[in-house]
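Next come two complexes, and both contain subunit A; in the first it sits with subunit B, in the second with subunit C.
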Partner chain A sequence: MSSLVEQVPRNALVWIIASMFALLAPHALRIPVWVLLVYIVAVVWRIQVHRGRWSFPGRVVKVVLTLSGFFGVMASYGSVIGLEPTVALLLIAFALKLVELVKRKDAYVLLFLGYFVCITEFLFSQDLLVTLYSIFTVVLVTTALVALHQPGQQRFSGSSLRLAGVMLLQALPLMIVIFFLFPRFGPLWTVPIKSHTAKTGMSDFMKPGDVASLSQSDEVAFRVKFAGEIPPASELYWRGLVFSRLRQGVWSSLGYYEVPAGEMRPREVATNGEGVGYSVIMEPTQQNWLYSLQYAVSGTAGVMHTPDYRLYSPGPIESEYMYRARSWPRSVVEPELSEWRRKTELKLPPLGNDGARSLAQRIRADVDSQQAFVDAVLSYFSNEPFHYTLKPGRLTSSDQIDEFLFDSRRGFCEHYASAFVFMSRSVGIPARVVAGYQGGEINPVNKTVIVHQFDAHAWAEVWLEGRGWVRVDPTSAVAPSRIEWGLEEALASEGTFLADAPLSPLRYRKLPLLNQLRLRYDALTYQWQSWVVGFNREAQFELLHELFGEISARVFITLFIGSWVLVLTPVAISLLRRKSTREINPLDKHYLLFCERMSEIGLARETGETPDQYYARVREEVPEKAEQVERITGLYNELAYAGPGRAERSLAEFISAVSSFKPDRRRF
Partner chain B sequence: MNVRQGVTAARGAGVDTGAVSADLESIIDAAVSEIGSILLGKEPQIRLALCCLFARGHLLIEDLPGMGKTTLSHALGAVFGLDWKRVQFTSDLMPADILGVSVYDARDASFNFHPGPVFTQLLLADEINRATPRTQSALLEAMAEGQVTVEGATRALPQPFFVIATQNPVHQSGTYPLPESQLDRFLMRLELGYPHPKAEREMYLRRHSAAQEITTPRRCIDDSQLEAIRAAVSAVHASDTLLDYLQRLVAYTRQSPEFEVGLSPRGALALLDCAKTWAVMQNRGHVVPEDVQMVLPSVASHRLVPSGDYAGDGDALVDLLLRSVDVVAP
Partner chain C sequence: MNVGAITEPFAEWRRRSQARFREWVNRRIPPAREVTLDQKRIFIFPSRVGLFFFICLLVMLMTAINFESNLSYGLTFWLVTLFIIATLHTYANLSGITLRAVRAQPAFPGQQSEFEIMLERGRRRDHYALRLHWPHGSEALVNILDDDPVRVRLHVPVAERGWYSPGRLLLESTYPLGLLRCWTWVDLDIRAMVYPRPLSWPDLSGASSDAPDGAAELVVGDDDFFGFRNYQKGDSLRHVNWKALAKGQGMQTRQYTAYAERCVWLDWEMFPGLGVEQRLSHLCYWVLEFDAGQEEYGLRLPGFTLEPDLGERHKETALKALALYGLEEHP
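Right after this comes the complex of A and B.
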């Protein structure tokens, strides 16, 4: 018996392949190169199958392909656990599914998988451009789905694309409702996300050269929006880390458990006035620390305050993260120093850097106060031929501070901060290195401060009697322009600003049009991050609270269902209206009524079954009804096919025969 | 439209039966049994073939070699008592070999037309798809219009004129598949298939026996009887309900994505003609859906081509058609 085997329409296949490559594109730089090869082979294979040249892979080949894909990922990543290997596995499965695409059903599976692949891109970035691109891929995948239902088109046409566009536009209202109202659950389970991506930004230890290497990057670290006036650039010291311990030339911060229990909470700080309010949207760092101005308090849920007056997130920042803070720059922080704290902030390695120690002793001997000592060290830095540079050269000796102070005299901010803190500690002044960012670019478009990685900075804090912790920036003594105008100005003569990134738009700030475009896009990104990406559970709750008052579960469910009804009602109305109201003649109507009654007892007439064939079947199944059914069938046949005759009388007879017909339900 | 006008004459008062005279029924039965005595166990195919000829259509018989194609076609010719000629199609057959050729006659100093084998009442075209498309096309005009044009002169063919062609399955080597335009001119395409084991045993038993000698069936249907059958066919009633069903079938072939091309109006008319003829052969004065369903595979399968998105053949499409279109208006 010959049978009709449905193939995937040519048109749909073209769209499927196009959407597969579109879905692969954003992952292309992350995945091993051989995965791209898998895609090309899969597509060529499937096209050859469609042309009738090759055949679908057999079972053995499929097993081999699947296993080699699996072990290939294992070999490339060293593991199949974690985000990148999992996504790579998914992408390979996606490609291999193409070569076993036989029927329309298989194409459904592939395309629904395509929507899922599209989502995985957001695990890596939630950038505005990525979102726009994802909309593009969703349109492509939907077009392929539509094309599956438009078979028989011999030429490639855009009609599927149009229809898909219209359908997605129709889905837009529902999308908006879901965005605002769908309950935002916390993660139901956690996977080791991004085990293979590098942590970015500051790390929790610092050795000479770390900040300088960070300054090569033009990536955005975070964006800040101030509630009021933006403070001058020289006041924008974004504290992220405090390094209190020097060991073998490396400054590091104290671990959570290295702080005694009594010192775990920050001391109360007397504040006066309103302070400066601002909100920060951080780019993902995979680290825990948040950046703020001294002395900062955050009201955002989940933000912790550390004993060295920083803000801290218990979980690493894995996606764009927004928090609010309020700072009081003029307040006196920690006027009384505990014994433990004083000891910690004075501790130096017992040996090494003798030159620095004796220099500090000499300077301290000449002045009569700690404040004067600080000033004298700063003027030492500015008077002696010290040089501020991104390329300080490597310090090779074990006494790095001595080597820097007396031999090279070339350094970036971390060299100066480190030397300053060392000298202060050696004369008994509690001091520590603070790392973070300094300054930032003001975007005139939306009045945000954009802080880039190259704004990374390190400075010092000294504790002075009666004044608490005071910020001292030795870099400002060497290169005042760094603080006033930023890194680019400070390095103008050296020409090393973003030397390794010739295409960075930040290098072309002098071109007004380009700069304007860059700033406008940055403003758009800020809007995107604060309104869409930052719309988390708290923001959702806040918004609903503002609009509808107290939110209980009942109100929420009502809102949720109500809005769906509101959006879907017009659709339902238009669908109902479209239903045809074709008149059906009484003869067929009653015969169909009879068929319906028969189907109630499980004997439905099949499509294409003639009345006589149906009768023959019924006679077999329900002999006791045969007589009635025969009469009805006979009358129908006569009326429907035998032409005009005694039609009027027979029709009435037929209708009454059908009306009085009742199948015996009990039988089934 | 003329379908309904033609009803009155033959039908009379009776609705169910009596439209066709008992004479015709016995004639048809005699013809069937006469052919059936030569081609064993193929009664449905024989009836369909007769139906095709009663409906004035040309018949294409397709099957593997040795399945009885030629036997059937010869028997049909004999039963109708028609003047018949047989042409074995080969790859070097020329149009002139079929249509005829003008030969110079030195005595008259003029060209005389020597008519080819096509000038007959029944042309048996054996293995038609072994000839080149050029030769196949030579039959086009003859089949469609009952005339041939050779060297500018149009000559009418004797009436009735039938073509019974046999062909091997297209995928066999050395064949030129008939183009759609040619296929469409065949009212029906039949496949014979292997015989039923019982019939085949009968065949073995008859081998080398007396019965074997009877190779030519006797004539059962004369010209007047053929005319009577044709008159009865044109008198058959096709109700609105039935025509609705037929139109739904035709519309489905044109709209549904499985079909590359739908049934042409000629195909639709062929379906109606055959259904009516079948009704006559069932001794019924009106067409019922079963008639349509019975003739549909033979009438439609060679006219339907699956679209590029589907693999399959005309028979599969007819299957789909019968399963998808409801007899009663939905």
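Right after this comes the complex of A and C.
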């Protein structure tokens, strides 16, 4: 009985298959290759069914396919818990559903699943391009949904696309209103983490060559917007990690449980003046550390402050993340060092690198203060033939610092920082390696600082009596241009800047047009991230407060209802507007008027009765009206059927005949 | 325990609420030959698919909240507002359509009557996936894609002699997204005539003939006038008694001595002692027989006389008289 409605039009099938592949594409690199094969087989199968060559899978086949999909995912990922396996399962379910797509209700399941696949893409990236692409897939899925309700369309048709586009556009303004008004609250329960995504950026340990390899990448690490003036590039030391421990040539940071309870809280730092305010939007790193200028305090909810004065997120940064911070670069950090801290920051392996130790002793013996020692080591780096290079070569001996200091003398920032901290500690100056980024590119379009992976840097901090922790960058002694102008300048003679990425737009900064385009797009990305991606509870509160003052339930409800009325009214009007009643020609209109009058006296015209037949009946029933009715009928027939311009009598005559016709009510 | 005792009050309540609903619908959408759908006549409510979609939206919202993903929020809200916008589109898809009852084909009991409905669009707007359905009848799925009205034929089985009213016609659509169902129940004031059930009657022992002057004259058993003879070459094939041939009685010709002047009257009084319905059934049978044999016949019912004649129109008049005999609306 309901078979007519339940059929899936061919046009809809085409749109469904198109949207399936569109949904798959952004996930393609994230899922095992065999899932792609499942897709292709599914589509071929369904098309063959449509052509009548193959048949729909039986129950047993379906069960076997579902189970093998499940175990396939399990085998590929090692588990089915986690975001990626879930997405892979969703995609397989999506493909298998297509094979058994018979009726319209199957198509609904398939398409709603499609919307959900679309959402999962956002859990991996909320990039502007990903968003634009997702809009495209949403339009496709919606088009398939519309095509499903246009029966009889056996050929591929664009009309469904048009309607889907119009509806989505009409839905857009309200969506924006709800987006900004809907209250944001935290997660309701813990969600599977993206255990399978590679971590990017700095890691929590460092051995020689690590930062150099990170510097091969042109990816953006984070973008910063300063509230006021942008400090000079040489002041932009973005601290992310502090390495306090050296073990077997590897610097690493202290774990959470290695810090005694009494040392967990950072000590109060006396600040002076306003400081520098800025907000940072980080690209996902799957790591916990955040980047800030020394000494930083963040008011953003959820940001922690570590005892070594860094900012830290309790959960890994899995998607674009925005936080605000304020820094006081001139403040004295930790003027009093605790016993535990002093011991920790002085600790060296008991043996090894004897050359470095004795060199430090010699330099320390020549000078009379710790500050002078620092200066002397820096001038040692600048006077001796040290070489700043992205290709330092591997250090093979067990005394790597000695090998670097006296043998190769080729190094990237981590070599210099590492050697400097080692030497300082060996003469009793508390010191540590700090890793993060240095500098950044200022985008003139929107005055943001773009920090790339190749800005990765490592430097040192020494603790001096009365001055607290002081930043020392040994690299600046070897290659001052690195600090002033960035990596590209520093490596200009070597030509190794982004050598492995010939297509990176950053290599073409000298071409004005290309560079302009790149910076504009980056500004757009920043805008996107700060307004849409970084929109959280605080941003929401600030925005609403700024626009409407005090937020109360009344304001909220008024806003909601008001915006709905504003958006829905024009749509409703455009859809439901009547064209000044129905277009009906005056001749028919007056004849119908006449019929209506006749029906008042109980002589309604029967369905399908021609004017002549009707007249014949009226003549029998009310002979006294026969003459008038005959005249009206005759006029009507003549005007209606004589053809344009041929009628002898006029429409006016007919209208007046109808108007003057009064049926006799006394009959009833 | 008596099951009926429980179900009966419920059935009673059901019946009453249905009656109340019918009454309400009747007031709201009174019967009319032509109905243009407007907000008074259109009902709209989320469909079962819409409820399913709503659950999907809740899952999406949960995902957005738990992953704190703003774009997931965005997409979820976009689909929510799409749902809302779809309300207007679904409504507009039905609004403005004019339904017109064109005709209903008469039928015999047990057969299906064909009802023809014309759908016309009111504004320059396409209407898609309109499902028309009469309770107990067939359904149709149509689009109105241009200015030409669309004619739809629906079949409904009819039961008893007289006027058959198919009840309210359901017009529904879930276009364009299937999330909402928009429907109306219109009474197009259309009815089909149901003829009496034809029942054979072995012979016309009571058939009366009509003299040219119009005076009734009994011709019972008059062989010259009404009978059969063996077929001879040259006899019109129209006068061959095909029924007898089929029974294996050989080819016989219906013989008329003066069929130009004289003809048969089918008379109410020919079936003495039978009930009204039986008489009508037999008369109906003979009207069809004579019509098939291309013989002139007249019809006499109490209060109604149809002069002898032949032809489609004549047959229809006769059948109509039989169909409506004794009912309040007499032709």
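Heads up, the rule we're going with is that the second predicted complex is superposed on the first by the 536 of 668 C-alpha atoms of A that agree within 3 Å, B and C clash if a C-alpha of one lies under 4 Å from a C-alpha of the other, contacts with A are read in each partner's own complex, and residues count from 1 in each chain.
Rule of thumb we're sticking to: a residue touches a chain if its C-beta (ideal position, glycine included) is under 8 Å from a C-beta of that chain, and two chains touch if they have at least 3 such contacts.
Everything numeric here is computed off the predicted structure, so don't read it as measured data.
In the overlay built on the shared chain, the residue A:80 is in contact with neither subunit B nor subunit C.
Of the two partner chains, neither subunit B nor subunit C is touched by A:40. By the touch criterion defined above, A:637 lies against subunit B but remains apart from subunit C after alignment on the C-alpha atoms of chain A.
When the shared chain is aligned, subunit B comes close enough to touch A:613, but subunit C does not.
Contact with subunit B, but none with subunit C, is seen for A:8 once the two complexes are overlaid on the shared chain.
When the shared chain is aligned, subunit C comes close enough to touch A:172, but subunit B does not. By the document's definition of touching, of the two partners only subunit C reaches A:319; subunit B does not.
In the superposition on chain A, contact of A:572 is made with subunit C only, not with subunit B. More residues of subunit A lie in contact with C than with the other chain of the pair subunit B and subunit C. The intersection of subunit A residues touching subunit B with those touching subunit C, taken from the two complexes, comprises 2, 4-5, 150-152, 607-608. Residues of subunit C that touch subunit A in their complex: 33, 36, 49, 52-53, 56, 59-60, 62-82, 84-86, 88-89, 91-92, 95-96, 98, 101-104, 122-124, 128-129, 131, 139-141, 143, 173-178, 190.
Subunit A contributes residues 2-10, 150-152, 154, 584-585, 587-588, 591-592, 595, 605, 607-613, 637-638, 640-643, 645 to its touches with subunit B in the complex. The part of subunit B that touches subunit A in the complex is made up of residues 7, 11, 15-16, 237, 239, 241-242, 257-258, 260, 285-290, 293, 306-313, 315-317, 319-320, 322-330. Per the touch definition, subunit A reaches subunit C in the complex via residues 1-2, 4-5, 104-105, 108, 112, 115-116, 118-120, 122-123, 126, 131, 134, 138, 142, 145-146, 148-152, 163, 167-168, 170-172, 174-175, 178-179, 182, 184-189, 191, 319, 532-536, 568, 571-572, 575-579, 582, 607-608.
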